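Next come two complexes, and both contain subunit A; in the first it sits with subunit B, in the second with subunit C.
Presenting the complex of A and B:
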């Protein structure tokens, strides 16, 4: 009964909310008033928008020393998470069976463990920084903490379910993933998608003026 | 009749556009922007974190445009905006932000935070939460056409005195001249040597140019205050004066926000392209140099560095021209450690210089510029913005630093071949 719920209807609901929610948020941006820049540009805004999206992955050297924790912990968390998401054996098997119809090489167990450690360490460091740094303390919202906790729980249950020795653990992991998918479009987790138009808008504005972001 | 608070909130609601939506949707509240802001680095006060200064706009966006916000508002759980909120943010935004945009360069998700702060100012201005100094300056700008209250008579008196002193000609209201030179009032009152310098240079280069007695002011208190309607009124006067004189190119003076406003913002504020080209004086001088019309002699021997005005460099894109010009006449020109699009602000942009209340804070954050100058041990500081110049002079005076501040156009004029 529980298995049917988590693997069935709840999964379907989570999928719909996830994709429709994201689409709704994107449409919400596109439909808002926005004017073409009427000032005569110095250079192309389009190429600057693309370059801003690439350059945005590398912190500016002028402030790198001050934001070391953000950069190192941020990359640890995100890269570790991406490795787990796309190369953990159960995930590849799930994607093959339910989405693509084909799979790819999975990472060995020791890489999984390493990725999990790196990702957990990054997430915990970021969260501790959020809790202790006076700037982060002041500007953080409830949603930022909820998102951190939810991602942590999903990763933790994922590790617990890795061996797939217990249906209960697998269902628990899947249930937390479904919660995350439902929460995602309405939370700060949307930054995973919205950073693209955000960097593009700013990159285009500065690029048209001849300034590289 | 709506209350000031209602007017402010309504104005903030109208400010939510596609960019605002994507910016707030991507913000992860990481606080990286704080490290790029001189008001934070020099005070250590987290309230000066740039993204925190956008809270009134974020609150409106959150309550009106997000699922949780709408639910909370519907259930009466969200805290409504209060006059105290606006009053608190008035000080943060007008005193503790020079709109330098350095934060916009470092945000990992690419938020142009200065753009958001400009929109917060629209809400504050609509609610009447504007510092007295800025309010008074804008009233003078509306009445006289100048935030310092200068009139056409003041301009004529100043130019006549300059013509006698330097034996030069300063044309006024010459219809059909190729170039219209605009000025900031401080260039008429404090730094009139700039007007003499352009006269000498343009005469040597054989340009036809003019000032306009109808409207000479390039600065725009509407932009500084965050009042687009006022900004548009002032810009319309400028465009009308330029159109009447049938000029081809408008020259923005050594003033940062004037350049950004006329070159980049004006077409968008007015909703139409301008009927003339707009160039900054540095762009024109560099163009004249490359055309062989501006010939200089060596040398200005002092050890000097260049302070990039934020609105000319970072937000304006005039980055290399001043350097090329300085390299012609100043063999001892050296760069500050952080320069061009990552320069540190003088502390007085965005209307902070017109806001007497902000003076102690402004002088405190000047410490970053002091440290930059101490590293170089220069005797001269060159800039291309009269507002920066005035702020730098005050900061140097406050810190007993023996460094003189000069406008780049004057140096060029003093070294004409």
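Presenting the complex of A and C:
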């Protein structure tokens, strides 16, 4: 019964909410009225948009000492999570069976363990930093904490189900993933998709005015 | 202001009750099956099966298999560590140690320390700041130091809870969840324990780097020990860290590193370590963990409900100047440049900094 619910209808609902929600957010951003910039552009908006996306991966030298933990922990968490999401053997098998119909090379077990350790360390450090840093405290909303907790719970349940020895643990992990998928489009987690157009928009806007980012 | 105070004190009270309840559950639950078991066996001797001695015709064969007179290395087609040993007697020694010593004495240690803390609190109550809050703040820990502390604490408790479930779950959780339920719980806990274990070692090393500077013992610490940290013989002076805090720091370092290294030996059994090394690592791992968990009860008590104003140092990074004068007078002098006069065993509350000022750690500069 529970298996049918989590593997069946709840998964279908989560998928629909996830993709429709993301599409709706993107359409909403595109449809927002922008100001017409009538001035003659001083340089190409497109190249500035690309450069802004690339520069965004590196902290600005002026503020890098202040955000060192953020940058290091951020990279640890995101890269570790990407590795786990797309190269962990159970995930690749799941994607092949349920989504794409084909799979790819999975990472060895020791790389999996290393990725999980790095990712967990990054996430916990970011979360603690968010709670302790006065500036982060001020700009953090309840949704940010919910997102942190939800991602941590998903990773933790995934870690609990690592041995693939119990259907209950697998279902528990999948249930938390479904909760995350439903929450994703309505939260700050959308930055996983929106960071590219967001950086591009800012870069293009400044680029047209001749401002170097 | 009053509402804020009430809300804060209400939250603190709730947090205290919840902490006590959680700790009680963690510590007391393991003792229940022993009581039930003792009652069942001791209370009704008729239930004990009568043993009838029969000569075993294969006794010599099995004596050799068990290798009671020492381990005999044989040969086997299988090439791996200990593959030439049919039955290793040290495995039984380890099993008996775990079951008969580690599990019960560990529970007594944790329950004893927790009981002593509760008793101390009931007799002594909360240690308040003499004269109350001054309203002036002194920076005590940097953001990096606090991040390292909470990271270590979080990983430590995740490992402690999963470790205690693995050690005591057989006795506590099987009656509650059944064998299958416990099997699932234990499998989940084992995976979490193995995955977070290496993080703890890294966290301890980070703590060592960030905190070691002010944690070396000096002669003044002898006075602190002699006066029982101020419990006997009035006020006792201290620098940035008192002797009790330094002792806790070095216990975390020694047992934390022992825990980490023995854990790595247990987790990565790919470097040719045999049964004896694994069993010994398990013994070190278990003893170190139980000692750290037990003493951490005291650390948590003193840092939260035991001493007023202490928790601020790890949440906001600063402490009230009056707290610093009362508990770390030499550090206060170092930070502010003011001398602290001790009157009748109590710290005087004269002098101080500008209202609302915060001094930076290490510099003594008011900001």
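Assume the second predicted complex is superposed on the first by the 211 of 213 C-alpha atoms of A that agree within 3 Å, B and C clash if a C-alpha of one lies under 4 Å from a C-alpha of the other, contacts with A are read in each partner's own complex, and residues count from 1 in each chain.
Everything that follows uses one rule, which is that a contact is a pair of C-beta atoms (placed from the backbone, for glycine too) under 8 Å apart; a residue touches a chain by one contact, two chains touch by 3 or more.
From a predicted model like this one, the values you see are computed outputs, not experimental measurements.
Participant: Quick one: is A:101 in contact with subunit B, with subunit C, with both, or with neither? Answer first, second, both or neither.
Facilitator: A:101 contacts neither subunit B nor subunit C.
Participant: Of subunit B and subunit C, which one touches more of subunit A's residues?
Facilitator: Between subunit B and subunit C, B touches the greater number of residues in subunit A.
Participant: Check whether A:60 is in contact with subunit B, with subunit C, with both or with neither, and answer first, second, both or neither.
Facilitator: It touches subunit B, and subunit C stays clear.
Participant: Is A:40 contacted by the first partner subunit B, the second partner subunit C, both or neither?
Facilitator: Only subunit B; A:40 stays clear of subunit C.
Participant: Identify the partner contact of A:168: answer first if only subunit B is touched, second if only subunit C is, both if each is, neither if none is.
Facilitator: It touches subunit C, and subunit B stays clear.
Participant: Could you look at A:139 and tell me whether it touches subunit B, subunit C, both or neither (first, second, both, neither)?
Facilitator: first
Participant: Per the contact definition in the header, classify A:203: touching subunit B only (first), subunit C only (second), both, or neither.
Facilitator: After superposing on A, A:203 lies in contact with subunit B but is clear of subunit C.
Participant: Overlap of the subunit B and subunit C footprints on subunit A, residue-wise?
Facilitator: Touching subunit B and subunit C on subunit A: residues 133.
Participant: Applying the document's contact rule, which stretches of subunit A touch subunit C when the two form their complex?
Facilitator: 69, 113, 116-117, 120-121, 124-125, 128-129, 131-133, 156, 159-163, 165-166, 168-169
Participant: Considering only the defined contacts, which subunit A positions touch subunit B in the complex?
Facilitator: 25, 28-30, 32-35, 37-40, 42, 52-53, 56, 59-60, 62-63, 66-67, 70, 74, 130, 133-141, 143-144, 186, 188, 190-191, 194-195, 197-203, 205-206, 209-213
Participant: Which residues of subunit C touch subunit A once you look at their complex with the stated criterion?
Facilitator: Against subunit A, subunit C makes touches at 143-144, 146-147, 150-151, 154-155, 183-184, 187-188, 190-192, 195-196, 198-199, 202, 315, 317.
Participant: With touch defined as at the start, can you tell me which subunit B residues reach subunit A in the complex?
Facilitator: 16-23, 25-32, 34-36, 40, 46-47, 49, 51-52, 65-68, 104-112, 115, 263-268, 271-273, 277, 313-317, 319, 338, 341-342
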